[in-house]
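Scrolling down, you'll hit the structures one after another.
Both of the next two complexes hold chain A, though its partner changes from chain B to chain C.
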Partner chain A sequence: MKQDDNPSPPEAARQAARLPLWANPRIGLVVLLIALIALFTTLRPAFLNTQLTLVPMQSDISVYAVVGLSQLAVLSLGHMNMAVGRMAAMSAFAAGLLHDRLDAPLIVCLLGGLATGALLGALAGLIIARTGVNSFVVTLALDFALIGLVSLLYATFTDGVAFGGLPAGMSALRTDTFADYCAGDVCGPEIPLLAPIALVAALGVGLLFRWSRIGREVLMTGANAKAALLSGIPVNLRVVQAHALSGLLAGLAGFLLSANNGSFSAGVGDGFLLPSFLAPVLGGTLLVGGAVSVLGTVLGTGITQVIYKGLNLLQFQVDELKLYIGLVLLAALSLDRLRHVLAERRGVPA
Partner chain B sequence: MLLAEGLIKSFPGVRALDGATLKLAAGSVHALLGENGAGKSTLVKILTGVYRPDGGRVLLDGAEVHFGSPLEALRAGIGVVHQERNLVPEFSIAENIALQHLPHRGGVVDRTRMRAEARRCLGLLDLDLDPDTRVAELSVAQAQLVEIAKALSVDTRVLLLDEPTASLTGEEADRLYAIVRKLTAAGHAVVLVSHKLEEVFAVADTVTVLRDGHSVAQAQPLSGYTRDGIVDLMVGRAYASVRLADRTVDRAAVPALELTGVSTGHGHRDVSLSVARGEILGLYGLVGAGRTELAKALLGLGEITGGEVRVHGTPVRIRDVGQALRQYRIGYVPEDRKGEGLFLEQPIARNVGVTVWRRLARLGLIPDRGERRVVDEYTELLGIRLASPQQLAGQLSGGNQQKVSLAKWLAAECDILIVDEPTVGIDVRTKAAFHELIARLAGQGMAILLISSDLPEVVTLADRIVVLGEGAVRGELANDHDYDAVSQRVIRLIHAAPAAA
Partner chain C sequence: MRPLVRLGSAVGVLALMITASACTKKEEEPEGAAGALTAAQVKVALVPGGAHPYFQPWKDAGTKAKADFAFGDVTFNETAGWDQTKQNDVLTSLAAQGYNAFGIFGVAPESINSTFENLKKQGFKVGSLASCPAGDKNLADFCLSTDVQEAAYKAAKAAVEAMGGQGNLVHLTGNKVDSNTQRRIAGVQKAVDETGGKVKLLDTITDIDKDLQTAQKAVADLLAAKGSQVNAIVTTAYNPAVAAAGGVKQAKLPIKVIAIDDDPTIIQGIKNGEVAATVLQNPVGQAYVGSYALLKLAEGCTMATPGVIIDSGSFVVNAANATTYENDRQAKTDFLKKDFDEKYLTCAK
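Right, the complex of A and B next:
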């Protein structure tokens, strides 16, 4: 989370006096989210239909929030992970293989998938730390290699591009909400079972970057690697750890999407790259490293999915959807830049 | 020739200039002096078109001028060499010099003319450099001179030099000033902004002193002032050179840090020195003598190829800064505080706390209150003036930034401290406070290795001085704090032929 999440009261008053409320990215996002929901509900009352819209949208938000967190894990360093999609695909493959060949239960499949993602991420981190090559280049190359590997593996181990079966309990993740589980007369809310998994991931990542030593040292490395090295931070290890976390979260996202789709297939992760950047950047995470916002990433995911579902209901074509999502990203970045300019103008004179 | 009068410039909450006046005559070197925050940089930025003044006017040859951008100021004949390097490292010297007015023919850069132009400018400074050399391959001093050549490439009549010798050796500075005199003889006016009063007195003809945005001395002949007189004007109160309390060092005890015949991958040969607890060892030498590299090698950032390093008598081999800190309690305050010492975009609390997180962490998590306590303790101890611990380190003044850079090592409870050029670019008053602080730390039993190119600083602080030249120890001498005598001996050591070349 950003450093200014928890300022002391006088400090908060001072900052509020310095920047207008709309310039706080997270409050802006909440307002935007509410406005969008109101807009789409007015145009299409079906937008608030639980079964048709709200439940599937929550599942999508859960998946793509984790995708965003996966990118956020390396944005903290000022790095990028261009291979989020393929790391997710490899994790889904590993999970599918564990079930298909060893008949492993759900939890073992999940852990196997997470481990695969983490290892791939660590590998990328290790190459970056050792060679000093730009993370963009390393992960892009890795992505290319994995595209080939994923097709090869599915061709070798399955009949086509997906595993046939699913571990027991996986389809419940897909179809059930807490409303299906009742204790006596009291049933849970209409929230899909995927949501708490994503929530735990978000809380974990937030905790890591806000209060843990490792997370903070990753941020310091992102802020100034030379100063980090000279302050006794094991910079290379932190780079590897951040990339491993990115891979792990990509793996989790791959698993959640497989649950959502109802199969472990080669196509998992194909559409991950753009949303992975969209959510953190909308939420105010810097591309240069040193500051991240987990809450902003979740809100950013929410906005993206609301726009997506809303335009979908209004029967826009897929290409048009992409156009509008792209425009939203541009607008968000411009607003972010405006915020910086304002902060500089009101800041300390040179 | 140039007259800026009654200049006013406000920033939110600060009046940086409040009626400052600067009057330049052709053919003279004019010193612009003042403490950090007195308004020197703001004045320079107004003259070069970076800022617009809120009030007052600028006259060039009697006609009022308004500069909308740095380019307009440049066209009017006002060139500037900023304290920070402003060259593109990957471009050649010629490209850098011609960058703002590339000669072209039919839309294509005319390389022949560009080179000829660059040669002309380099010739003005008697510089024998190939215009096709990439700037990245130049030494710091050469790059500095190329910047001056660049400033001269347009028809510059007023040349502003902001701390031009901050990264130059004495000899290189002398050469630079010889060029400055040549320029003034040719009718240019030169404004010199510098913290080094010795140089100012050697070079400048007239002086303007700024304090709190006013000019407290306006274009006065420098010959009418003494060094202390100028300092009094800058500081605004009678200022006495610090006389630090005497310390006693137990030389019989085992040295805290001892190097015996150390050679490194960077080319140091047979370096032997030792620092006792409570002692300040001055490591003096010219820029490029390898002092910083020696310090970094000690911390495991460079290779030690021979000899022995002992910490409190135990031979050690340090792998990285983390080990140096945690196992041997060695801290290093780097010379480049913006690039290496601080996280400018991070809050002060994190800048100070970074070295103690490991100690504070419970189950891998850092309690806010524990961190707050450590940060409060050390910002208070060092007298760091801050609005809040959440303020970004980059918003502090230079002196306070340096204190933050030091605070993290004190917070980490180091007992050996390597301080590299602690007061570069820091004003007179803060410098004195810093010297007292370093002396106090030594008085409390810390072993301090002070790397400095500032001879008065070394003579003020050190108990003994080791002179390093070209990777080897040229000599060691006891310091009795008598500046004239000690400085002569040090200079003789530097210019003595290397014992075994």
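Right, the complex of A and C next:
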């Protein structure tokens, strides 16, 4: 699902036909993912334990894939969203408040949270578009402001750092898999209920950037804002829209993490910033804008979580764990680079 | 794009509706139905919220418990990095490795009950160690932790005594939006109120337990601004305690410092007379007795009151008992174990 340049359809078809499987970056990631799973399974057969490894890992992948997509939405412009974690925290607060004060059902809480995230994103986008200040600076400032606001709001509206209750159905999102739901004797697969929500988000973002006019125009703005403006694209509007999408997805990630951890709390989103960059970049999204890879982001998240889980199962101590995560990621990126270089030498675009 | 989206959404909604209408939820299996284990089958994991000096004694205490009570295995894992999601991941990874009894210091007291619930649902035994969940309920089998309000009260009483029953007191502590900090503040306030106005709480400085540098800066600022007015400082968090002891010594001010825990600099400070007193907690007792209780639960005992909250003890140490305090702590640990046997656990004979 990569939208690099924009070749004419026959040219694209020819390129696709020429591209050997091994040179496709996404295939490279899939191979790496399978190799890592095989490695960890050999070292620790418990890696394939459904209840204790695979189901929690799928939940984590669901959350962090959406975190990655949130960053991807603005990376498409060549922008950054440093406030991704705090937008998630604000969304979780809004969702929690809706339930706490108005006893709103799950879906209303979710929509309220998403709206809050989208509004914050749109605000960041608006400031960037209007003032022309770098997105890094604007979102970093917003992040600082929101850190304070989140603790103030929780201190005002709760007696600590979290809302006490959860809307009905939220616990099921955390604990249940489709295997818990049966039609007659046929039960679903061991996939957590969170996973399809993340899947819908990924499909939506993928469709947006591949097929919709807005998505294509955002990518063109990212590739060359001036050229886009001269081509009649409403560049400022697209900047606001891309940031609003980033906020919306950050809000969704905040909601998913709240469901996963079992509370709407001020700590939601604390650890989002690094993974938000890691997954898209590992997956082939350019930091300079103009090209995104949704599938790559999902695979990148998968790889990071598999590495984390595998190293956890090998019971590394705290310093070793960080060291090895760094090393494995470096090795993964180097392998991908090697594949890229090989492809270039053989004259294959990758 | 539109026809595709319409088709996609129509199929999606239809599929969801059909699935939702046809499906029923499976009956939950009874919780913790796993049969009793033998001691050799019990593998205990002690999991703090992240790396912190407070938890280091857990390592040796766990190993000693394994030797004394002859259970299968014990591990100490501090890789959670103060992130609840990571801690949940560490816990399920340990469970996948065959650990079946968990002593946990939860990163986020407000959501740790969900983690306990998840583990217990799969038949594991869970003790909340060194911190209890926020709110009224504890979904772990038991919580063995310092009564932080009581410990702060004792520390403030010691401060009042050290300053001769009158003067100005300052309280240094940790994260303000933590329910435990709120209870510490209440404990100090209670001791101040009991002096009937003779001791005034000049300031309560929060959010300075992140690291030693933050605490040192706060102490330096405090001493520069109000050093001459302060008669005593009471600290209820690790880093502020170390920073206050060092800061007051350096500034050569006649301020009485009441510290917390037994960092070597603090114990040395008490012996040298630079620190008036410190309030010790009982990390060894938490890990040792916690492991014992988890073993007993895995062997088939049940809690007389599931989720019971137990004070693991706090001890005021000053120059008089700076060399003998370990005896008091050991006595409390022995007492806790006896209490588990006699009061908290119900075991089939």
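Going forward, the second predicted complex is superposed on the first by the 295 of 350 C-alpha atoms of A that agree within 3 Å, B and C clash if a C-alpha of one lies under 4 Å from a C-alpha of the other, contacts with A are read in each partner's own complex, and residues count from 1 in each chain.
What we mean here is this: a contact is a pair of C-beta atoms (placed from the backbone, for glycine too) under 8 Å apart; a residue touches a chain by one contact, two chains touch by 3 or more.
Keep in mind it's a predicted model, so treat the numbers as computed, not measured.
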Contacts of A:Ser334 with chain B and chain C, given as first, second, both or neither: neither
Which of chain B and chain C A:Thr131 touches, first, second, both or neither: neither
Contacts of A:Ala223 with chain B and chain C, given as first, second, both or neither: first
Which superposed partner A:Leu207 touches (first chain B, second chain C, both, neither): both
Chain A: partner with more touched residues, chain B or chain C: C
Partner chain in contact with A:Ser231 - chain B first, chain C second, else both or neither: first
Shared contact residues on chain A - chain B and chain C: 207, 211-213
Chain C - residues contacting chain A, complex: 1, 4-5, 8, 12, 19, 22-26, 50-51, 75, 77-79, 81, 83-86, 88-90, 92-98, 108, 110-111, 113-115, 117-118, 121-122, 134-135, 176-179, 182
In the complex with chain C, residue positions of chain A that touch it: 44, 46-47, 49, 51-53, 56, 60, 63, 151, 154-155, 159-162, 164, 171, 174-176, 179-183, 187-188, 200, 203, 207, 211-213, 257, 260-263, 265-267, 270-271, 308-309, 312-313, 315-318, 321
Residues of chain A that touch chain B when the two form their complex: 3-4, 6-8, 10-11, 14, 207, 211-214, 216-217, 219-220, 223-224, 226-234, 290-291, 346-350
Chain A-touching residues of chain B, taken from the complex the two chains share: 11-12, 14, 16, 41-42, 45, 299, 301, 320-322, 324-326, 332, 334, 339-347, 350, 354-355, 357-358, 361, 364-366, 368, 387-388, 390, 395, 408
